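Here is the structure we will look at, set down as structure tokens.
Per-chain residue numbering starts at 1, and chain names A, B, C and D are given in the order in which the chains are listed.
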Amino acid sequence: MTKQMVTGIIGAGRIGKLHVQNIHRIPHMKIKAVSDISASCLQDWAASHHIEYITADYRDLLLDPDIDAVFICSPTNTHTQIIREAAEAKKHIFCEKPISFSPDETKEALAAVRKHGVKLQVGFNRRFDPHFRKIKTIVSNGEIGTPHLLKITSRDPEPANVDYVRTSGGFFIDMSIHDFDMARYIMASEVTEVYAKGAALVNPSFAELGDIDTAVITLTFANGAMGVIDNSRQAVYGYDQRVEVFGTKGSAAADNSRPTTVEVSTADVVMKDKPHFFFPERYKEAYVEEILQFAEAIQTNRETACTGDDGFQAERIARAAQQSLALGMPVTIEHTEKIVF
Amino acid sequence: MTKQMVTGIIGAGRIGKLHVQNIHRIPHMKIKAVSDISASCLQDWAASHHIEYITADYRDLLLDPDIDAVFICSPTNTHTQIIREAAEAKKHIFCEKPISFSPDETKEALAAVRKHGVKLQVGFNRRFDPHFRKIKTIVSNGEIGTPHLLKITSRDPEPANVDYVRTSGGFFIDMSIHDFDMARYIMASEVTEVYAKGAALVNPSFAELGDIDTAVITLTFANGAMGVIDNSRQAVYGYDQRVEVFGTKGSAAADNSRPTTVEVSTADVVMKDKPHFFFPERYKEAYVEEILQFAEAIQTNRETACTGDDGFQAERIARAAQQSLALGMPVTIEHTEKIVF
Amino acid sequence: MTKQMVTGIIGAGRIGKLHVQNIHRIPHMKIKAVSDISASCLQDWAASHHIEYITADYRDLLLDPDIDAVFICSPTNTHTQIIREAAEAKKHIFCEKPISFSPDETKEALAAVRKHGVKLQVGFNRRFDPHFRKIKTIVSNGEIGTPHLLKITSRDPEPANVDYVRTSGGFFIDMSIHDFDMARYIMASEVTEVYAKGAALVNPSFAELGDIDTAVITLTFANGAMGVIDNSRQAVYGYDQRVEVFGTKGSAAADNSRPTTVEVSTADVVMKDKPHFFFPERYKEAYVEEILQFAEAIQTNRETACTGDDGFQAERIARAAQQSLALGMPVTIEHTEKIVF
Amino acid sequence: MTKQMVTGIIGAGRIGKLHVQNIHRIPHMKIKAVSDISASCLQDWAASHHIEYITADYRDLLLDPDIDAVFICSPTNTHTQIIREAAEAKKHIFCEKPISFSPDETKEALAAVRKHGVKLQVGFNRRFDPHFRKIKTIVSNGEIGTPHLLKITSRDPEPANVDYVRTSGGFFIDMSIHDFDMARYIMASEVTEVYAKGAALVNPSFAELGDIDTAVITLTFANGAMGVIDNSRQAVYGYDQRVEVFGTKGSAAADNSRPTTVEVSTADVVMKDKPHFFFPERYKEAYVEEILQFAEAIQTNRETACTGDDGFQAERIARAAQQSLALGMPVTIEHTEKIVF
């Protein structure tokens, strides 16, 4: 039997709780403790999920010698501080996206990770989705030739609430960042230019916050290909997640997945299932797979499937998109120096 | 926290091992012991699957007071004997299909189950498939009106080997029995007549055993509807599992599910994924769900989702199909007396 | 320029009028005259469709030396008489299905056709549908290996009225006959046994006429394969026309065609077009193609794409299906003697 | 019977010949004459297509009092001259796209059309495609609410040859112009800003001509919505023509249409038909429908379905796209003054 990996969860919000459930399904991983600033309100949840120890102070987890790795699921503005401390405590790190709202802070945190020789994986869960992985494989194998065009559709089923959006860092760093990572992942080429159009078409309140909820983003890649991402905070029919790559030998497209294949035909309509409602359903398998691969990277001492640099580059694209939107012009991203973490 | 249900697994062949894996994924269920006549060869498997106790004698499980329920996954010809003993030992019973090769033996075993007041669920896993459950719901809700026609396609990706087939009880009781149960489940009406055509078209060796590998079976239901099942032991493109119901207000059809939604278009072809290869992939969720519902039926003292009578009736249809094939004529199934277990 | 072929239309009911429209679209074909017993009521229709001559007596067409070919679209009980006279008048013959209600009468009419050396094509329009032709080609090319199973679904959108049904010759000869022809066409093998189940589930009035409106028909082919046809007079979602062939190397399936590919996703439903409403829409291209091939067969002196024997054999299967339904047993069709027309 | 409309065809290249075939299929339209500078080489074609009169001088058609309308299918650089003369000769005009390479010339020609009170329809055939018309209807009916995003994919199966491209006016005015018109048609809102990225990825020869073959074009609409078009001169799998609109109440998407619905499943692959090869197949019905509607606009004295202004506006967007590509920046299109023709 493989030795069990002992983990601690920092932050028991929506995504932290999701990771807890998934780790429970993996026989060779164990949750020793959870920290959350609202720990006192989480006693029932902890009990019903077989969590033996819950604390308000994440440092309790960093001090626990049994814990091999921590999952940082706390608010983004706490990430880099925790990363630095966790690295120093020699804990491996799974960090939710984005690492931070500032590329400089991200760099500093990643330097600490490097210094202490721990593993860090960023929570770009979509890389582990079987549909998109197949697209990646097809492109990598050259089955569609040299890629010319990439199209990503990513639309949430319903807008986050205004309070969430206020501290989200903005549309591109909060939402489109997944697509920026997907673009780099699929194309295996860096983004060199971004042009972003956006508006608050779903909810005018977002405009009052200086934010948007709908966007069309054009990307140029170092390899000469072009890409386009379309985003919306509100697709009333469900979570719309599609990727298409077009190249010299053909195209590969991943459509939405749906709960069932059932088609009903009546006098009025022929209907099929709506897409999965949101990310917990759509990326159910991907959330387990990213944890399994994180554990494997640690156990085999390999690079993680989604490195600190991956997190950093996606943040740079998000920042360029913000600038482009503000300027009304395309923005260039330099890749002169290779940043190694 | 719900009290854990303690189980024992009788028979660690292909299906027994599958149940072991699935029970491991359910937090409120536990496997205490496994029995298999080849226990001595299964030490490594047991160790790697966290099985603490493995024995060659299933009676060790029946004698263990900790065990609440047993999963009977041994060869069909041992089922009724074990059912009777397990019932007497007050163990709840999950029994793989078919219960036996003889309706009379099945009745006798079910009488023991009834006498001792234990729960019994038959392993008709397809009832728990989300696609087919949705069909069932649509039909039950009257969304397609009164059903007139039922169509089931059920084709294996590759034939079982000749040794397996020799002791399988024959094509209808081994393979079509799943479809007979699906027919009763979806239509909520008993089958009153069966006409079966069949031949050994895939492998002539099956004909030498007096068996077939391809069939078209016409069913008539008590409610006046008609149905047709087509079966093959070898669909080279994968496990072909479809259900369609047609009624006065429309139709509902479940297509095959596939690993991904990816579609690749090249100069030669537009292609998509083949169906899932076989039952472990296709019915992955269903195998977990059937165990969850079995546990729930015990905990809430409700009838199981797939009762002994369901097993008995499907066996009667299988036997009628065999007679029909032999006679070259339709065979009637009487439902004059309600058998209550 | 190819010489124009001059035609006369006998019977201007629904199907006769459809042929008139289609012949008008073919530059190298011309309609010289139309006959119909209700000619006096059809003056306006004739004028608006550029028909110069309309008569109550089909013999006027047979006597016209300009006319090369006649389309027999009158009621079925008039077909064989007209065929015999047309053959004697040396007119080529396109005859709607079925040729007659009696295999003996059909044989006699076909003998006249043969004696006078004219061409005869039966109006099994579905042979000319691009979807089913592709299935035929795939099977012929051996792309799916040796066929084992054939499945045909053929459901009308709404029942014919009771008056029509009264003189239709019965469900099998009126409706299923298209499927019997499709079965022979696709499988390239004769049907040797038929087992038909049927009932009046849509409209009890049909039962009063001794007829049915819903059927499941099992076929056995001379090559050992099996087939099943399901029919209904009323699919409320439209004309349901599907064919699937399954063999040693795979399967080929033609789904329904629909007016557009548009898919609409809303908060309530994901919907697509219903199938085409009925045969004029579904088989729009096929109706033109069958006429083009009829003309070509005449001009190049080749066998027609759907011969008198094809009509005769389909009628034999229909009659066997009627017998099977009446007897409640499978009925054998002998193919000892090859009938050559 | 409706009076026949008499037409003359100016230019018998690929598209002129296509219109000839389609007009032949319309009973109430007639072709009296065809002009082409290579008339002497077209005698055989004319004979085989029942063209009675063919001339090298289009003015022969303008002088013929029988001719009601002309189809201008000559090279683009001849369009405005012919339009002016045809308008003066009181002929109704069907003009292929684009009207000209210069918005100023286009305006001048349209002024002549207006002055002489003749009808003009531009050959944006895709407006008449049943799939895209359904999208238009759904959007117009408000079924998907307020539109936020428009996505158009338009990829040719194979690049035009270099000689053609040299005189084509450039990628945007030659190819993307169809998509610019589709954008205005579907959204019923003018384009106010264009940002175009493009490159010669398929064939470097195009770069030598200062042209491109692949593009991603972002559009902003007067109503606040955003759109994106992706174009390629070479989709090796066939003509890729898709439109999707996303709004507050849902989305509507038209997929590619394919010759048949047949799906073949083998041990290697599950495959379906490639999209139709190119525009003659894909827009077969649309080409007939645009002519029918042109004739109807004349006969009922209504505005054509695709006016001179529609042609002019699409050309303005194409020009803006060219400027954007050259500048590397978005370009604004003013709509302060309404140009009425």
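Quick note on the criterion: a contact is a pair of C-beta atoms (placed from the backbone, for glycine too) under 8 Å apart; a residue touches a chain by one contact, two chains touch by 3 or more.
Quick caveat: nothing in here was measured; it's all calculated off a predicted structure.
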Report which interface contains more C-beta contacts, comparing A-D against B-D. A-D
Chain whose Cα centroid lies at the greatest distance from that of subunit A: C
I'd like to verify one number: the distance from the centre of subunit C to the centre of subunit D, where each centre is the average of its C-alpha atoms, in whole angstrom. 40
Taking the mean of the C-alpha atoms as each chain's centre, how many Å separate subunit A from subunit D? 42
In angstrom, rounded to a whole number, how far apart do the mean CA points of subunit B and subunit D lie? 58
Residues of subunit D touching at least two other chains: 235-237, 249-251, 265-267
Contact residues on subunit A for subunit B in the complex? 1, 24-25, 27, 47-48, 50, 130-131, 134-135, 138, 143-144, 249-257, 259-267
Can you name the residues of subunit D that touch subunit B in the complex? 235-238, 258, 265-267, 269-275
Considering only the defined contacts, which subunit C positions touch subunit B in the complex? 146, 148-149, 151, 153, 155, 195, 197-199, 201-202, 214-216, 218, 220, 224-228, 230, 232, 234-237, 240, 246, 248-251, 328-330
